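Structures are listed in the sections that come next.
Next come two complexes built around chain A: one with chain B, the other with chain C.
Then we have the complex of A and B:
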């Protein structure tokens, strides 16, 4: 499992994690990811692989439309006061395969 | 974030309305108030203004209520129901121009995140904008 976060500069925090969910990033995981992103003040973007466009992680329609498939690498970047906590929480959610008890 | 925008689902079919509400509860969670109505009081297909008003009351939130509808009459009856609300409530209820199932899930996700009524509506309608 790839699981790391790093500070690329003083403002933007980035992280990446491999998507292990069986069916990829389908509707239910997308809702969970978006709900989690909305808990943070930081601006959060995600993309599935280096060639993909960054999209707003707080937009459930856009996250679902990513159609990220199993074993793709989800990159997450965030900027703002709680960016570090946001990236850590997002990486954790994906790494733990979107557990149901996630608030 | 204790108050979230409420969601009302209005379909011609009670089964569709209930199934859509179930999807919202299971996918988004129970923190958003979801009410639904569908079918006419005789048990057939249709929508009914008093039942829509009842559903709006059930899902009521000080932040407002977003209604998701299916076809024709569901929309006009929902608009009529909104007009029949107390004047101070009318401005806090919107009928979204969005597909009923997808719109309800998207709207509820936005509502759960603490979005305003306008934000909830915009997210639901983002789907129709393509």
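Then we have the complex of A and C:
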């Protein structure tokens, strides 16, 4: 499993994590992901693979439309006050395969 | 609508999903139709859309609170979409530019639905039905003034391409009515709901006339007649009355002590989800409870149920039953019944995954709590406990071992407890084929899963049609094998799947040697009557 976060400049935090969910990024995990993203003030974008467009991680329609499949790498970037915590939480959610007891 | 008495209205034949008769206004539910609403200018339309979205959110949240976990997860996705600014922004922009709110909303949803439908991934395609549900709900809210239960008149024959369970539950069926689906399947979740609510339902009607004022729906013959003539109504009423008399005579039979067939006493028990199902007026005539499901205990929002809550639920049923036997099935989660915090998420094929006893053995800390509650209940009545999805003898043995430990533990704590009879469901073909190897006190054949695993058919998949045949010789072979072994070994064998409640299956099951059936309370009278008729020699060799 890839798991890293780094500061690319003073404002933007980035991270990446491999999607291990069996069925890819489907309704249940997508809902968990957007719900988590909305808990942060930061602007959070994600993309599945380097060539893909960045999309708003707080939009369930966009996250579903991404159709990320199993084993794809999800890149996360965030900017704003709580960007660091946001990226860490998002990476953790995906890395732990969207556990049900996520608060 | 013009009605000419001399021209018969069109009649269509489909498949029976739920029996019974309904005569009433015909209501065609359209996906995404926007007629019947006169839009205002942008100044009115923007707040109208905002209100409709809020109303839809409230309705969905209320449904999610009362729905099972599975349905709640689907509803969560709809709620999240209603709260998605990126998704809503272009809709509001279009409305502000002068597009009618319902048209803008329908366009946005239709684009999303088309996108999902074009996906190679079957899971995503299946989600498009949820989006259609959401699209229609908001459009209904926009039309305004409608009660939560839609604008469907009471007693109507509701016609739709297909109907999600959430829509079914919103309709008021208390004054009758029926459901006519152009697609759909007799084994879908909606069909199960229709049977439980006693709503006649016919599926797979194909292409029918778009409009009609009234309709007749005969669930028993699977016929829908639109704008019927007086003659058609007369014939329909005669069929309905004859059926009503049959039902009344069946109900009269209920009072007789037990059914018999060919000199054998036949026990008819009931399947229940919780003590609430015992309120059915016919429940009191059952020979006991043949299957009490316990998954409902897992549906609460407060996490997994504790020992005390479970004990109270089991004790309530035992008190109702008195001396009659009550068979409780341990948690049958997994497969199509995911439980957050219990089942294993993300299995590629959950029906062939860690479900039933496999899951309980994998999560002994959850299983032990249930077994402790059952051991305490065992001293209160005639309790039998069975494990679901047993495939190998060692699973039965492992489950019983934990049970024995739980009893010892309770007794050492000074709490009254006993080990009840421990049996198993026979629903995996491998178990039926090696039935001699299982040291069970009783067997209960779960014909739904047994058929599904034997025929490689998902029984909720309407397009499998003929392949879903409860009278297939392969299935009867496994049932007969299990019943034969039970008779020789002196172990009781019952059958608790949908087959037991289907009068057409009873002769074959009796011939296979099954002497005990467990059916829904609403099927009790009919099955008792079926056995009574067969015992008098009319219909069975």
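We adopt the following convention: the second predicted complex is superposed on the first by the 103 of 103 C-alpha atoms of A that agree within 3 Å, B and C clash if a C-alpha of one lies under 4 Å from a C-alpha of the other, contacts with A are read in each partner's own complex, and residues count from 1 in each chain.
Assume a residue touches a chain if its C-beta (ideal position, glycine included) is under 8 Å from a C-beta of that chain, and two chains touch if they have at least 3 such contacts.
Given the structure is predicted, the values throughout are model-derived calculations rather than measurements.
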item: First (chain B), second (chain C), both or neither touched by A:39; value: first
item: Which of chain B and chain C A:31 touches, first, second, both or neither; value: both
item: In the superposition, chain B vs chain C on chain A residues touched; value: C
item: Partner chain(s) touched by A:98 [first = chain B, second = chain C, both, neither]; value: second
item: First, second, both or neither for A:67, with chain B first and chain C second; value: second
item: Contacts of A:21 with chain B and chain C, given as first, second, both or neither; value: second
item: Chain B/chain C common contact set on chain A; value: 27-28, 31, 34-35, 58-61
item: Interfacial residue positions of chain B with respect to chain A in the complex; value: 27-29, 105-106, 109-110, 112-115, 123, 126-127
item: Residue numbers on chain A that touch chain B, as the complex places them; value: 27-28, 31, 34-35, 38-39, 58-61
item: Interfacial residue positions of chain A with respect to chain C in the complex; value: 21-24, 26-28, 30-31, 34-35, 56, 58-62, 64-65, 67, 97-101
item: Contact footprint of chain A on chain C as seen in their complex; value: 73-74, 76-77, 80-81, 84-87, 112, 115, 119, 121, 123-124, 127, 130, 340-341, 345-348
